[in-house]
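Let me give you the structure first, and then I'll get to my questions.
Chain IDs A, B, C, D and E follow the sequence of writing; residue 1 opens each chain.
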């Protein structure tokens, strides 16, 4: 026996399908990791300096000197830089894939990750149309947000740490969307959860903020449990967790509508609900607004929270096989959309409104994914990434301005409370404009991005409700109606936000008002780009009838059904299964009766009406600044202001009981029962010893007596037994 | 010359196991002979040398067919059939390497912590290392038992002399608790010895013992008690928090990283192969799984409400070892391999956690979580290491903890889905106990003036933690080399269980006949 | 006859035992022990009629031993009397528990 | 050389160690009288006694190495069992004398009488080991007992010593009565007191069972007293506590060993045929002894008294070997006794050293911090305690393991379980001494005690030797183990021959 | 005749024994003991053990008991009238235990009759009587004492030596 080389080394990258050669796909993932490492080292160096100062009783201000220290200048280039290169690479690959008209996913294997007797998981990435879209969104929007952050976080002492976390987040997000199997996806899944945790609690010395991070992580883990269990079931059913074999074998191995596939999809749904903040696991997302605003834009609006939608879309084949799960997904989605929208009506924190708006929009995406409109869901995911990122960044610009102004005025007013704002439009023109663009987009006003995507989801809901053999037809109709109402609510609360923030009289602290100013260029340029995307982003997936109609200016606008075709290879299996099971969807929408065009027209008009009505109704209202606003709303408004009491119910129903049970386990079971028993055995033995030793009276008579007693016993036993 | 170089591998394989086992004893004498001040350096050098030596195992160990490699056997007490027999297989190789790694790290980590009676301390540490390595290397049951018990004494003194306030209570509790189990196991060992009729205490001879189901169940109970206390399995765990809280840092590290592993190692090495029938008896499996799951959930809950950071981590050990228990008794290859990885991972991450807590204690002389807060601001390197370790401990993908728990759970799911589902909630509860501690120690306001002078990691402490953190991530990212090395041995265990299934459960005409002797026993 | 002798021997033996238990005077306790030895001697003698001369021989040995014990025992009693000024065994309880 | 007892010279040869030792004892006695002790003189007398023991050991070795016997019905057995046991007694006596040297001088005891009594008691033990006749066993027992009675009460200045002497004497004599009654009944039942004759009578079925059965019970009681089996153990703690510590050591090791050896020969050899009659008695005695001995030891705060209870517990372990009764168990009894002798005397040597002038410092608190103040004493005491507890790495473990092996071979599972569980109990009180020594700092009194606890050279030598032997025996026990196994051969062979010869 | 004498001696012996245990003064106990010893000597005679009967009276009742008396007198305990008998529950317990022990022994001995006990008891007795006639009462005992039991005999010598040494050591006054 020598130095055996029987253990094979890591696999060289192996490419399974050679129809198209991806360009350095691994580098797309690695670049953000590289950024993380560089920024992380810088962060540690700067933290070391500041902590050394702290220990000696002073504070280290990195911005005090004439020039910023290198630890605070390098990240400016490294952070967005790696994102930019990654985005370019992603674009390059997109172009390649576009040209190759790829049908099957390209899987690139790097090394064997886990290998046991009957399980092999490779560190592999999968490139297909869906992951490509996600990569573009993640790197593209991510890049813009990085750039915005340069301005937003400029004066934060933890600047390098911030970029390290942000880069790490993008790394995990890319792993999530590019992983070639559920296991890889899970790495990213938990990884982004970690980064979300770190970034929410970025200002970790603030108790509330770090609480929020913790809450996000734990709630996410509840969802992760579902994901984990789904993986176990998948492994049991398929013996692998790779996407390829699972989806190819799904129809053969799993009975359509059967318990297994339903269980798998419901468990996946649980995972998705955790990550995408669906009811009832949505409670973490509003709290997550504790993080820096660009983080909210990137993680809690544009990318991470949509991972659930991505996962459902990715598993479209499985969902198509499980109509019940689909109905559940759609139901959860629509319920979430409605509840979140109602809550958003009564929030005063600008970020909270956006957070609930995000939850609501994610609900729409789930609705889409649930009814089988996977493309529509992804489409909405994409457009939502644009306009919600824009909204958050815009809000960030507002908060940035407010914060500076209040800081200058030595005011302790809340910089995020809309009751302290008002009339900002005069001082923040650009922000005001782009925010309106985004608001109209999310409200679903033609021809902005949100109109096409949201519209499509609602329309598909109706269409599938009318599918001939859909067992849940009625339910779908209800979904559709709720979705409609929610869409109207969306328009309303967004208008409310705009009105309270930018219009009317200024309620800003008088001394602070002069200090309000527009965001620097590094911040508004990304806003502008996103605004453009919010306008035109929806044009990539316009059904032909619409594009040919008045809404597409009779084909004059560059609209196409491109996304639909692009995602065809990913979704057509699911579509085929679903159509086979439920029948063709009813292409005439209910109530409206007509086709896409009539419906679209009606919906955009309705949305516009709501926006205008809201403007009128709210525009004239006098708002009271937060400091003076003591009136606690009652009735339904109170319920909404208190977010339907979800947190309270969880607290009383789960958190406290578990805590109480934990205490009980510790103080009673552990200390009294188990340890008590153990100590009892010990003490009892010692006590017994002591008791027996009392017979040792020191008197010879006693000893003789005991001896005789023994004699009697032994003799008696011997003679009689 | 070239011949000599070519012969080095064979030479290495001939003596390496003996060297790993006895070099620490040599170090012990060296420490005893040295001056008080130099004791720590000497001890570190010896254990470091052992570690370097053990590194060769990574390349030279050949998993082969899953049997023992580098076996050697010398008669020791011939009249009893006891021999000094050592061997290494895919199960023990990582345990040995974990030992050789952890010991120097624990010693290095104790440089500042142990201020009094250093010679005695380091001598005991080295003795402990010999004991633990012996447990993992012995292929003779008598020899195993000797080492198994031998580890108690140094630990008893380490806890009792250098421990905290209630050190004596903790030390004695630890000692008696574990002794109860192991002595009953001794009786069981003798039973098998006479049942096998081979007049030998070798591992193979014991495998050849022909035991009926009834006998197997009794013996299983005795062995399971011994190992279950060591692990510790749920209701037998109360010695652990006390021992951990009172033990000095290096003691806790060794206790968590190595001594607990002796229990689960015993499961894999003895319990399953010796009593394959009992191990798959439905009632036994049910009991073990329930206890494993109970440990996971219960310990996580109890951990979550501990005010003492060290006690918290101690309870997490119980939870982690619960994963090993269910993985093992799932009797699937994934479960067993997962259990093994959890053992390795827990050894690394919990060891690191104890080192970190020790550093906290050295700086602040308190272990109460509420006495900290905002440490992240004053000690960024410390905080980074702490967070990474905590994440590895709660099984974040990309760290070693995930691989183990994932495999253990998936393996359990294959045969006992409900168990796995309940156990998987441990994933949530892990976050539930660990994150609040991280938050309350590292985050929140730096509002206690004493904490403002909390020093960051020194260079020595970086050297202590660096390898552990690196390993956590390495195993998390690329565990395949580990998994490949352990698989054949795990398969051997499983095959034995399978074999017994056909004999004892599936259509055996005479269940009383028991297990047929293994073919391995016939080969000579 | 043998049975009666043995019964008598047993009775004497048990009375001796009783004496050891209920008397406080060390000398009387010792005397009771002598009584027990005598009972044994009686048994030996009775049995010797049925098994041979050795029985009587043993009585001879036992008497010698009894004499030796008497010497040592009384010496011990004298020795302890010097410390306690009594031979009441109840007083000798420095050593207990 | 073959002993056939045709010449009375053969008797002398067969009893050579005993003869040597008896004569030497008289020489010591005269030495004591002639030289008048006091000063350092007593030490020389002591070393002389050790020399005599060495001579006896050599004589014993000569017998062991090749003397055979041909006298099935001889009263004296010349088998290796006896000779191995003799070595144990000699070793125990020698170690006890060595640790007595300083004590005797310090307490101004009469060295000549003291050492000669030890030697004579040793002769008694050797007789017990060699006797193949109940009467000779009885005489040996008395020889030993009378010597030890005197030794226990030897320190006339100490009332505790006197009290212990009286209690031991009264109860000892009392128990002797039972033993003697038992002998009488066995004699009546089997027609002989010769062990081989008894065995053959039982084999031939010519015993009177109505006498045999109570006879066996009474014999068990008589021996049970000497081995301090519960409930015949009541004297042990008091006597062990009160006796001069070296004498306690001697009693704990040698007296117990002698009683066990005789016990074993009578029961395992002589009464083998009625194993069914006596094993339940001993089984329960063993179980109760182990439990009570260990459990009550927990309650002790005096180290000497704790060791007394510990010796009761060890008696319980050894009874297990008797119950098992197979060759492994017999060998284990021998080996255990040897190891036990070393470790218990060594432990008492530490107690003697710590005890100081007044012998009063034997409370557990007096040991606080001793380990760090007197590392040599501490380390050695720890080794001895661990060995007494039966921990791996020490000879005590090997001995206990062999005992269990014997029990397991006899399939005495429950007794084995009791044995190991009570062993766990014993860990507590042994470790308690260790934790006082190492884990407590101790107050000024303890510090003063430690500073005066300077073992003299002889005691030091005993400690080093014992610790060395214990660890050596724990790691390389093979040689001595084989010797013990070898010593079992021949124990029963003659019985088989005798029964053939006797059956017409 | 033998039976009557046996009963007579037995009654006296038992009475004496009870007297030993129950007498209030040590001296009385001692005298009762002498009575018991004497009656036992009488029973020896009934069993044809004349030599032992003689020694019993001479050595035991004579020498040893006188030694006891000396000690009692030496320690001035002769008139120690304080009851050293334990009454009450203790004596009751002792009685019960002793009674039960006696019962067990009696139960065991009841069946030990002449016939069926180790073959023919009469033959052994006859052989013994013949030996006594031939060698004399002392000779019968002396012969095995110096042949088969010579070892025991020598041991007895040693035993007496030890007893002397022990007695001397212990009884020596404190210096």
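Just so we're on the same page, a contact is a pair of C-beta atoms (placed from the backbone, for glycine too) under 8 Å apart; a residue touches a chain by one contact, two chains touch by 3 or more.
Model, not experiment: these values are computed from the prediction.
*Asks:* For chain A and chain E, what is the smallest step count along a path of chains that touch one another?
*Replies:* Minimum step count, chain A to chain E: 1.
*Asks:* Could you say which chain's mean Cα position falls nearest to the mean Cα position of the entire protein shown?
*Replies:* Chain B is the most central one.
*Asks:* Please identify the chain with the largest separation between its CA centroid and the CA centroid of chain C.
*Replies:* A
*Asks:* Quick check: more C-beta contact pairs at D-E or at C-D?
*Replies:* Looking at D-E and C-D side by side, C-D shows more C-beta contacts.
*Asks:* From the C-alpha centres, identify the chain that is farthest from chain B.
*Replies:* Relative to chain B, the chain whose C-alpha centre sits farthest away is E.
*Asks:* If you average the CA atoms of chain A and of chain B, how far apart do the two points sit, in angstrom?
*Replies:* 38
*Asks:* Once you find the CA centre of chain C and the CA centre of chain E, what distance in Å lies between them?
*Replies:* 8
*Asks:* Hey, how far is the Cα centre of chain B from the one of chain D, in Å?
*Replies:* 43
*Asks:* Measuring centre to centre with CA averages, how many angstrom lie between chain B and chain E?
*Replies:* 70
*Asks:* Give me the residue numbers in chain E that touch at least two other chains, ranges are fine.
*Replies:* 86, 90, 94, 97-98, 101, 104-105, 108-109, 111-112, 117-118, 149, 152, 156, 159, 162-163, 166, 168-170, 174
*Asks:* Note the residues in chain D that touch 2 or more other chains, in rising order.
*Replies:* 135, 139, 142, 146, 149-150, 153, 156, 165-167, 170, 174, 188, 191, 213-214, 237-238, 299, 428
*Asks:* Quick one: which residues in chain C touch 2 or more of the other chains?
*Replies:* Correct list: 6, 13, 16-17, 20-24, 26, 29-30, 50-52, 54, 57, 61, 65, 68-69, 72, 76-77, 79, 82, 89, 92, 94-97.
*Asks:* Go through the chains and record each pair that touches.
*Replies:* A-B, A-C, A-D, A-E, B-D, C-D, C-E, D-E
*Asks:* Can you check the complex and tell me which residues of chain E touch chain D?
*Replies:* Touching chain D: residues 104-105, 108-109, 111-112, 117-119, 148-152, 155-156, 158-159, 161-163, 165-166, 168-170, 172, 174-175 of chain E.
*Asks:* Sort out for me which residues of chain D touch chain A in the complex.
*Replies:* Contacts found on chain D: 166-167, 170-171, 174-175, 178, 213-214, 216-218, 220-221, 224-225, 230-232, 234-235, 237-238, 277-278, 280-281, 284-285, 292, 295-300, 425, 428.
*Asks:* Can you check the complex and tell me which residues of chain D touch chain B?
*Replies:* Touching chain B: residues 372, 386, 391-393, 397-398, 401-402, 404-405, 408-409, 411, 413, 416-417, 420-421, 423-424, 427-428, 431-432, 434-435, 438-440, 477-478, 481-482, 485 of chain D.
*Asks:* Which of the residues in chain D come into contact with chain C in the complex?
*Replies:* 135, 138-139, 142, 146, 149-150, 153, 156, 159-160, 162-167, 169-170, 173-174, 176-177, 180-181, 183-185, 187-188, 191-193, 237-239, 241-242, 299
*Asks:* If we count contacts the way the header does, which residues on chain E are in touch with chain C in the complex?
*Replies:* Listed in rising order, the residues of chain E that touch chain C are 2-3, 6, 10, 13-14, 17-18, 20-21, 26, 29-30, 33, 36-37, 40, 43-44, 47-49, 51-52, 55-56, 59-60, 63-64, 67-68, 71-72, 74-75, 77, 80, 84-86, 90-91, 94-95, 97-99, 101-102, 105-106, 109-114, 117-118, 121, 124-125, 128, 131, 140-141, 144-145, 149, 152, 156, 159-160, 162-164, 166-171, 173-174.
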